[in-house]
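Each of the two complexes below includes subunit A, the first together with subunit B, the second together with subunit C.
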Partner chain A sequence: MKLEMSNIAFTRLQRECKEVVTNTEIAQTGIMIEILNESLTDIKGQIRGPPDTPYAGGLFDLEIKIPDSYPFSPPKIKFVTKIWHPNVSSQTGVICLDILKDQWAASLTLRTVLLSIQALMCSPEPKDPQDAVVAKQYMENPALFKSTAEFWTVRFARGKSGENEDYKSRVEKLRDMGVREEEAISVLSCNNWDLNKATVYIFS
Partner chain B sequence: MDEVTIVVLDKKKNVRKNLSLKVGNEEKIDDLLQNVGKLTAIPKDELEVLFCGKMLGRATKIRDLQLTPATQLTLLRPEVCSSQKPENPESSTTVNSSFYVFCKKCDSVKRAKLRVYCENCQGTSILVKNEPQNWADVLKTKRIRVECSSETCVQEIYANFRFKCVDCNEICAALTHARGNWQKSECCICSDENILVIDLGCNHLTCLECFKLYLEENLENFNFKLKPPHGFTITCPYTDCNRVVQDVHHFYLMGKSKYQEYQKRATEKLILQSDEGVTCPNPDCEKCNERDCVCHKTDDLTRNTIEATTRKCPNCQCSTERNGGCSHIHCTNCGYDWCFKCVKEWTENCQWDHWF
Partner chain C sequence: MSDEDEHIVIDIEDDDDDDDVIIVPREEKEPTPMVESAPVELPTQTRLKITVKKLHVTAKWKWCDVGEDTCGICRMEFEATCNSCKMPGDDCPLEVGVCRHAFHRHCIERWTEGASSSQNGGAKNGHCPLCRQEWKVSLRNRVAKKKKRQQTT
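And now, the complex of A and B:
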């Protein structure tokens, strides 16, 4: 049982962080990291929503935890900012991405992993979803999926595009009934914005 | 090196002499022949030096041969004097290449020298008919023919190659994937430029230290997969690269005791996979062969817990616990994709109908 990070892990992380922090080319791709502690086990990641996606204009924060066995085990990464995406749990932010699990390789880095997550935002894999409800909506009603994901980007990811007034008013109606904003948005989204179904779901 | 054993095979007079001779490291083969000539009254031009299956050039330095007191040099005086091939006295022969081995005696990776013997008499008084071109030529038998000076070896004779540790002379297993980092490439794990690297043939270089850690990390959860004919082995640490370690001797990089652990766990896994046994919870039990031994009785509490918390992989029957995530299980034991709800192969229906 190892108690602390190996030397390789530490020096490599230092280099990786430096790479992401100082390289302007990387910054242009919309990827950023911030070191949260000296031992480099807690890192904050940030991905800018890629253009031409429902996430465009949003800033998505990620929690990155480095295990002691890094880089032989993958970093544990999840979305802190809520996101409506087939491969990310709308409840917990857990990401379903093969390289974060059994396809991890020691040659991958924080930069490559964050780029892969950004790529996943551009092209979801509904065949291997983390969130079945989102995935189902993505497959069966792409337009609804798109507007929902956009609404989530504005509400949770500091997105700047105009808010869907219709969705906004339905959220307000649930809020008037004493439902928390986050829960209201989540339940409405899961019920394809059907206010009746959402109400029944919450109060039954 | 000061003293070497020399065998003079005089085919002209059909006599054999053993000599022990002092030689300096800086001397050349030509100097040695001159000294032997003085002792045996054979003109030095009539003698050939056989070493490592080769005829040595006159300018070859003694130092480059990496001799030890146990090494034997063969000096051959052919029946017919080889006047047809006047050898350039300036020519030197290289007998060393960069080989790396795991030396069990030193318990570490060492540079090695390649030595060649007659397969029949194990003698060193031989001449290879063609030089080995690749690893297979030296690792497999009956690939390289030799001409042996021994009277008893007249038939078709092949060479036997051995790798010896340069420090302690122990015969060692060659690490075919280890090589010098001549292109000064970065290690795919730590990005440092180290002198010695592991290359599985895919050109993804990993430095020795990182490769060792990589192996150790994988030993902990035994992520070695059965890949015949290589046995339980492991892929290149590089992303998506499927090249595997082709010779399990490389797992000695973890040290002798971890290698033994690897062997033990590989054996256990093989037995479990072929469904031919159970793992005994108490392997040192003396009564283990008796029927009433505790080992033959499954602990009810353990069994109940396992049965209550796990489901068996429908392919390999491996007890599997789902401690989070979705119902899609990828068996780490056999690689089968199955649904934790149906306990059957994973299908698209599972995807939609009972995700959580």
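And now, the complex of A and C:
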């Protein structure tokens, strides 16, 4: 096996993986990790959408990349599943969370980081946004934000609650014009579900 | 193999100043002579004659004055050494901060030096990874150790 990371990173991750996989308490909190390669540099994370949030019922996948200098540098984590959240880019999934940047501490683990991301899903920080459009909607029109985030959960995160028929029909109209579903949902969401504005945005 | 080779000799002399290892129990400072002068005849009330030919001595050790049993940085037990060491001891003792959090010396040094943290441009991390208080090595352990020594002498 080619050793791609330092011994400390590898050994620590082995312990961390055991910690997350075997702990039944973790199963109840709704976070999970899956090892994707032998050298433990690529890990898939998964967070169950917390109850009483627009993400409830959804399963959100995350891409976790472990740097060679782990745990002295933070893991690189982003959402793979599309999510409508002020602190996550609706386009790229990049997360704005201080502990993943300058507030990282060597004592943090994948488990505590995933729990922090789950907590961020419960309480967004719109004043420190990653996605300014989502943050603006969150502050100015909370009801619209909630229904949009719920729609995204159903569409992208395998959520099981009923779909908003109104939003669904607008997406279909854009699709009939030849727009990809993902783009249609994204542009409609960014334009507060105004079909005319969305159409103008796409075709101008 | 000579006779002496079979005896286990434990060296627990640790008079280095920077050494934080304390072997428990502390009072038995020189248990070695008994092992060295074998065989030993035991006094007995009967006609039975017992001779101790060989003695296996095992010792248990742990770091003093630290509550938690794993290092928050490498996640290894304190007694199991950090990942870059093979033997516990003087090179990599536990460092206890004024905040009372303890880490392997190599682990906390790498963190405070910010050696490979490209994230903050290699800037130094002056805080404890567990409580974010300013990281300063506590001298309490060494003081306590000296006191103990004075008591025993």
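Everything that follows uses one rule, which is that the second predicted complex is superposed on the first by the 200 of 204 C-alpha atoms of A that agree within 3 Å, B and C clash if a C-alpha of one lies under 4 Å from a C-alpha of the other, contacts with A are read in each partner's own complex, and residues count from 1 in each chain.
In this section, a contact is a pair of C-beta atoms (placed from the backbone, for glycine too) under 8 Å apart; a residue touches a chain by one contact, two chains touch by 3 or more.
These figures come from a predicted structure and were not determined experimentally.
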Subunit A as common anchor, with subunit B and subunit C clashing or fitting: clash
Partner chain in contact with A:Pro71 - subunit B first, subunit C second, else both or neither: both
Contacts of A:Lys18 with subunit B and subunit C, given as first, second, both or neither: neither
Touched partner set for A:Ile8, first subunit B, second subunit C, both or neither: both
Which of subunit B and subunit C A:Asp102 touches, first, second, both or neither: both
Subunit A residues touched - subunit C or subunit B, whichever exceeds: B
Partner chain(s) touched by A:Arg180 [first = subunit B, second = subunit C, both, neither]: neither
Contacts of A:Gln130 with subunit B and subunit C, given as first, second, both or neither: first
Selected from 129-137, 201-209, 273-281 or 327-335: the stretch of subunit B that, after superposition, runs into subunit C: 201-209
Intersection of the subunit A residues that touch subunit B with those that touch subunit C: 8, 11-12, 15, 69, 71-73, 102, 105-108
Subunit A-facing residues of subunit C, complex: 72-76, 82-84, 107, 110-111, 114-120, 127, 129-130, 132
Residue numbers on subunit A that touch subunit B, as the complex places them: 6, 8, 11-12, 15, 69, 71-73, 94, 96, 99, 102-103, 105-108, 112, 127-130, 132, 135-136
Residues on subunit B engaged by subunit A in the complex (per definition of touch): 188-191, 204, 209-210, 213-214, 217-218, 237-241, 325-326, 328, 330, 332, 348, 351-352, 355-356
Subunit A to subunit C touching residues, read off their complex: 7-8, 11-12, 15-16, 68-69, 71-74, 101-102, 104-109
